[in-house]
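One chain, chain A, links the two complexes that follow: it is found with chain B in the first and with chain C in the second.
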Partner chain A sequence: MDIKEKIVEAAIEIFSSMVMMDVSVSEEEVNDSGKLKDTITGLIGLAGTHKGVLAIHIPHPVAMAITSNFLGIDVTEINEDVEDAVGELANMMGGNVKTVLTGNGRDIDLSLPSTISGASYQFQTSKDVEKVVVRFDTAHGPFLVELQLEK
Partner chain B sequence: MENDDFKLDQEIVAATKDVFSTMVMMELEDGPPLIGKGGEIQSNISSMLGLGGGVRGVLAIHCPADVAKGITGAFLGMDIEELNDDVKDAIGELTNMVAGNLKVFFANFDIDVKLAIPTTVIGESYHTSGLFGATRIVVPFCCANGTFWIELKYMRSN
Partner chain C sequence: MDSNTLYEYFVLQEDGMGKNVLLVDDSSTMRKIIGRSLRQAGIEFDNIFEAGDGLEALAVLEKEKVDIILSDINMPNMDGIAFLREKSNRANMKDIPVLMISTETGDDIIGEAKSLGAVGSIKKPFTPDKVNEILGPLL
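After this line comes the complex of A and B, so read on.
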């Protein structure tokens, strides 16, 4: 089973049903999230039969658009609402991914979600980790989903 | 799961000092813990590790650049000039070890905590956030190179 395909499926499902936003997989292949600028990252850990981290790296304008859709109000700055929305997105993606990895999702536990936000930062991989990064396009800009799994 | 019942602030101090004295050979002085929201932490490198199962949480070590380089230098026994892969791996590994001590601590109460993997953020300008209903404890530690912070956010699972 191709994990990248499953990440794509999960993202499209969540964005269409919960965020009411059209997303598509970008033509551009990405291997690394790289230097993130004016971005907010939602992340959640996976523990159990599979150990890893799922991260969703969203440029600020896209994050504000997502939050506006979630809350039905106009969001114009990176505030607590945006942090909550992005963390919740990571939580939902994590939930989908763990079910994909184990069939029933019962043997993997999700950690508490977290968010990182800033003008300039880089998200690093540990050693002995398999990494998949997928770039998505939306009307407001792109975002990345990154899944790291311990080998 | 109140901090009062588990005295997690004290356990964080014990868990961290244990790792730093045995693996880094570094003396630490703990400062007063901050329990709850607030408290901006200024750091250039943060390693975060998720906890799942009996407790849902995140453990993080936040260091300014110089402190991270000093800690890594002591850990690896060499001079560290910049925030490179060695620093990223070292701080990540230390986070893993402190989390390991917390796992053992919770096991004493028959609470099974599963660890995810550490990820490290390095940057000029970022902040970490998100409480999601959890309780937050931040403990500052003073070492020869300066201050760093251990942050634990946690909630009991059903």
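After this line comes the complex of A and C, so read on.
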């Protein structure tokens, strides 16, 4: 299974089993996350035999809907619950991607998740990286999963 | 509780079968989801205690009667492996079973957890049915 397939499989499994939300791969292909507006990004760093970062970029309204489903409460603002939920999504995505990159054990270490949120920002690409970006659609809007791995 | 203590823990429900569980995860979202999954799986506890890392978990275990622990591995301050190691050195808590709930699935790290006393593992993401399948026989 290649990385993109694993990202898709992991996202569908995470959203169906824990977020209780249907997601599908968007027909619109994207190669870059571009300028992100009113978005929250969950980040996980990868270190070891593969170095890089996995990010999940979620527009604020979609992030609030996801967190509402995740926690079973009505979320109407970007708060600590949203940051924690988006960080945990990145954590689970990172853990799943790690299993493709390393068959076993501690060849790759994952960082603890962190989040960035803002009205307008750009997720910079490091030099010499292999980048995979997958856009997903939900009933509340799209979100992106981006994996950058050093070549 | 004294706000100066190093940890916080919460009692989430009080209608169980006389057993207490401790959830250890740095994500408050994940602790809530695990608690919800336990209820959806029909597994009830008298008390559900929470801790955000291994250090907080040890503090809870020093004060409360806990029958089983569900613990993450990757956490700040004291991770799940260091928690298992420290717990195994404390006579008053070394025999409390620990089930790991983590994104970590590698044989090395799960093997190390089991060598330090973990009785099993559940991979994130999980369903209530999976929690019931693995946790149920341990209760």
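Heads up, the rule we're going with is that the second predicted complex is superposed on the first by the 148 of 151 C-alpha atoms of A that agree within 3 Å, B and C clash if a C-alpha of one lies under 4 Å from a C-alpha of the other, contacts with A are read in each partner's own complex, and residues count from 1 in each chain.
Basically, contacts are C-beta pairs under 8 Å (C-beta built on N, C-alpha and C of every residue); 3 or more make two chains touch, one makes a residue touch a chain.
Since the model is a prediction, treat every value here as computed from it, not as a measurement.
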| item | value |
| --- | --- |
| Touching partner for A:G87 - first (chain B), second (chain C), both, neither | both |
| Which of chain B and chain C A:I14 touches, first, second, both or neither | second |
| Touched partner set for A:I116, first chain B, second chain C, both or neither | first |
| First, second, both or neither for A:S126, with chain B first and chain C second | first |
| Partner chain(s) touched by A:G141 [first = chain B, second = chain C, both, neither] | neither |
| Which partner reaches more residues of chain A (counting touched residues only), chain B or chain C | B |
| First (chain B), second (chain C), both or neither touched by A:G72 | second |
| Contact residues common to both interfaces of chain A (with chain B and with chain C) | 80, 84, 87, 91, 110, 112-113 |
| Residues on chain A engaged by chain C in the complex (per definition of touch) | 13-14, 17-18, 67, 70-72, 80-81, 84-85, 87-88, 91-92, 94-96, 98-99, 102, 104-106, 110, 112-113 |
| Footprint of chain B on chain A - complex, ascending | 36, 41-48, 51-53, 55, 80, 83-84, 87, 91, 108-127, 129, 148, 150 |
| Residue numbers on chain B that touch chain A, as the complex places them | 46, 48-53, 56-58, 60, 88-89, 92, 114-130, 132, 134, 153-155, 157 |
| Complex interface listing, chain C residues touching chain A | 26-30, 32-33, 36, 74-76, 102-109, 123-127 |
